[in-house]
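The two complexes that follow have subunit A in common; it is paired with subunit B in the first and with subunit C in the second.
On to the complex of A and B.
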């Protein structure tokens, strides 16, 4: 135990990562307790399956990466908004609109040849960006709380996209048509490494987006302006930043990333857009991932892969427990992420007492806890 | 013209149970937000209330052979109690732990449907819980009053009367009692309230947990009087209630009016086929389902500019701040 304490004392920033890990552990413990209540005989087996399932074979690992791709992107969308002081609970709506734009191009614009999939992804980004931009504009110019407006827009997008799909790319049996083969994301060499899994280059798209965001947020004036508006709208305005335009831009970018997630999800061979009255959960999961990843693009990538792993683990454990157990675990993880400030206080107090060092645990910038 | 008035009356009679549910949930939001705590967990709490209501009807009321209205009462009380307990998790995080209030509420919103569907599937094999039954009742004598009698007392729901009673009580408590004044004051300026000897933490717990009580009650009401089957969620009705709270500028009577408008739009999605006028236009059903949300957005765009939100809304209470 001591080396951990000394490590924290030497690197005070690591306390943020540790509070994320504590949240994950609390979520898993809660899940385990629930499993014991429902089915005591199989609880440990089910729990072990969730943790180890994704690593059972290269095929499972392929699934894990495939599952984590849209989640990383929605996580990046929410994290980017967080860093600029905004809460993007509308990622699911932006993702839905993005999916429609991507599918529309993917189904109809077959003349694009080898660039087809790339244009379809860009179209998805445009769709999500427009949808996010509406929220941003309403906040900047009409003072509408972004949480409530984006929740309304989530439902509007669900019904609107259902309508649009029925009228433009309907394939029968409450499903959209599948995208043309040229519009599906290339697999490259990945199916050699992860045979019989649906993996494609979507994961590289997610990684590229993460890298771009990392650069924008940390090394550009533009990113600095967006962040300063998030810290204090009035101060930023006083400093000469066009604060309204910044808010719209933040939401435009966050929406575009969530839109790309929609494109990545549906520009594949074996998943169709189903017309029903259910919001796509990937948008909400993005919130959890952004929190766990401490709103940093690199952290989000790791958190997203963690989520992909327990999702695949949930697949494997399905014969023992209903898959909603995963959603419950995630919800508990978010709750404990919200308590991160408390977790940090407990840990830092403990570290100070044990190591008898006066450690400065200052709040990190962009920290939403 | 008479056909139009008849149509309106028809929508109205359908809209009443939805209005009552929406109003209860937004009154819940009122308690929480006027005490200074944002509560976007209303939706999750509402789902929890509806879910517990359905379970109680199916696994307690029916096996015991309770009379219908006793069963309704059981579901309503059960929903309200569980809503109160559930909201305590948000209260604890928001009031004592200085957590980001939106995030802890989002956790509750995700937790409720997941737990509901998980339990329903584990117990019954499917996420759907059907409680279809005849829960309506005729009030003798009053039902014979022309127009009003037909609208309010014939084939009515117990919850409608409970809801109206609660609206009156809440308005009274809010504006005419010491508790109401204190609740409002900690939402505006907690430091000043504390200096006058008001326990800010205690007031906020009362605010959030009362909101849990009302939102849970609202969820059970909606289930019993409108939906009749539980599917895991209520299509964002709790968020609509939150929008009503903002559109109604955090004032009880205005909430009532907005709840009525939203409820009528909401039931239009189920009823539009039965009107000659609307059937002739032949808009797709999805369009009507989209309407209440779009309407909310437009209303918010108009009403948010001069928001009269409680001044300390969303801020954790810090005794040392002045």
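On to the complex of A and C.
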């Protein structure tokens, strides 16, 4: 134990990774306890299946990555907003609007040829961006709390998109039409590596977005402005930053990323947009993923892949447990994992006490909690 | 041990040591508070005064040392323990709920209930009685957000008395008060001491300490220096013990040589953006190169709003502003700043700093968008670090981890030095400083005053807003007095007395020419 404490004391930055890992372990333990309660005889087998399932074959790994992709993107959307001092609980609405924009272009604009899928993805970003921008503008110019407005807009978006789909791209049987084959995300060489899985280049899009956000937040004057506004609107205004425009920009970008998540989810061959009256869960899972990734774009990528692995593991474990039980177990694991901020506090307190060293765990800008 | 010897001590703190990351806030500090005395705790910003009091009040736990209350060793784990021992504290930043009435604030945490319903009558009686007894003039039914800072402070004091505190800690109680409110507070404290309360009074204002304190304990950079009898020592001696070197109270300053006009304000009127009330009315004046113009007045007479209007933070203004003969009335904040206005804001934590940012980021708050701090939109970290280290060195900004220290973790004086350094370093033609030394100790005040005079001597124009007459007379080459949003007089500091200026500040006199 001591060498770990000393290691943390020497390298304060390592605490972020360590606390996320501890949080994940806690989540897994709670999941295991739940399995023992439900079905003690098969608990260990089921647990092992969830952990090892995603790595059983290259096909499973393909599924894992496919599942991770939209969650990484919604996680990035929430994390980006966190870092600029905003809480984007509206990712699901932005994702829904983005999905519609993407599908509309994907179904109708067949004249675009080889650029079709790219334009459709960009359309999804535009749709999500507009939706996020509304929340941002309400906050910046009318001082409406972003949590309240984005929760309400989630429902507006759901019913609005249902209506729009019925009127423009309805395919019958409560489903939207599928996008034209040119609008589906290319698979490139990925099906050679991960055969018979639904994987496509969506994961690359997610990684590129993560890289761009990482650069914006940490290396650019634009990121400096957004973070200043998030941390202190008054000081930012004093420094001559257009703080209202910054807030709108933050939400626009967060919305666009969630919109891309919607595009990535539905610009595929084997998933259709169903008209129903439920908010899409991916937007909310993004919040947990952003917390687990401690709001860092790179952290979110790993947290998203962890989520994908548990989800794929859950597929495999359905041979042992009922589907609903699996869903509950996954939920427990994910939401306990999101306690990484809490574990970070506990660990840093413990390190200070044990090593009696002056460890400066500078709180990262935009940390929530 | 003879118990009797210690019985006349209300509080004894022995060999208290407390470390924070990078800083030893208290190092073997001793403090002995006699019953019924007013005991001052003197030290520079960051000397560890507040830390020591927070330990006594149970907010921090000491790493080493012993605390005795009324001769008995105690462990104070949290403020509730402190309350039970009869210790009360008024923090520098008040802990009041704005949307509650005075009475609700006072009873918060000590509510009386009948059948699980709040009852106020006994509490109201007790509050009224205490208020009369100590002449606190507290209105139990006023909303906290509506009452003045001085009134809020009296509410804080009443809050302690309501909890039957015998040992009262006041952390820099005069920092945000007007001169009249300070006088009232002094009277109240004397009265409290006379009634047998023991008072610990944190301050770095020698004048106040001399006025009310019996004894004074001096801390310097976390270390215990001495405890002295105030009447048996001089201000010079106290200042020297506090700062660690001889302090020069007189500011060496050559006669000003005013040159051409820098800022020209004409018929300037400012409206509060929320209440739409006119807070600055029709003001006209000019500032000159090589001159320090000080706007004097009692806080709240439109001075802050005037500065918000000049710097562009308030958009609602009429009249005209010109900088170096160029009209800037319709320019935004950024462009005014680039054209040559530096601004040391009144509220350093609200406007002056992004508290969660490291120091080096705060030092580029006004210039991050300029080369060489950025190139093609990318921050240049080497340049930013060098810049920070240069300013830290030049302005003696002290903090736990240098350029990487989070601004929030720095002491008030060092936060102010950081802002001062940032703004002076930009070499703007006009430097506006609002209350540049509020809440700072003599060492820091001396330093900041010198820098402001230097800036003037570099042929720049300096505009200062001050509510502190000592500061007004120390710095001004020309004085302008504001009352209720209007300019009521303009003076040469050599030709006006403090009393005369006070009459203008309180609105009992105004010159027709103004």
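As a convention for this text, the second predicted complex is superposed on the first by the 338 of 369 C-alpha atoms of A that agree within 3 Å, B and C clash if a C-alpha of one lies under 4 Å from a C-alpha of the other, contacts with A are read in each partner's own complex, and residues count from 1 in each chain.
Quick note on the criterion: a residue touches a chain if its C-beta (ideal position, glycine included) is under 8 Å from a C-beta of that chain, and two chains touch if they have at least 3 such contacts.
Treat the numbers as computed from the prediction; the structure is a model and nothing was measured.
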item: Which of subunit B and subunit C A:277 touches, first, second, both or neither; value: first
item: Partner chain(s) touched by A:156 [first = subunit B, second = subunit C, both, neither]; value: first
item: Which of subunit B and subunit C A:331 touches, first, second, both or neither; value: first
item: Subunit B versus subunit C as contact partner of A:145, first or second or both or neither; value: first
item: Chain touching more of subunit A, residue-wise (subunit B, subunit C); value: B
item: Touched partner set for A:221, first subunit B, second subunit C, both or neither; value: second
item: Set of subunit A residues, in rising order, touched by both subunit B and subunit C; value: none
item: Subunit A residues within the subunit C interface of the complex; value: 219-222, 224, 227-228, 231-232, 234-242, 358-360, 362-363, 365
item: Footprint of subunit A on subunit C - complex, ascending; value: 19-22, 311, 313, 332-335, 337, 343, 345, 347, 350-358, 361, 365-366, 368-369, 374, 377-379, 400-401, 404, 406
item: Of all residues in subunit A, those that touch subunit B in their complex; value: 34, 38, 87, 89, 138, 142-145, 147-149, 151-156, 159-160, 162-163, 166, 277, 279, 284, 287-288, 291, 322, 324-325, 327-328, 330-332, 334-335, 337-342, 368-369
item: For the subunit B and subunit A complex, residues of the former touching the latter; value: 40, 89, 93, 97-100, 102-104, 106-108, 110-111, 113-115, 117-118, 121-122, 235-236, 239, 242-243, 246, 284, 286-287, 289-290, 293-294, 296-297, 300-302, 304-305, 307
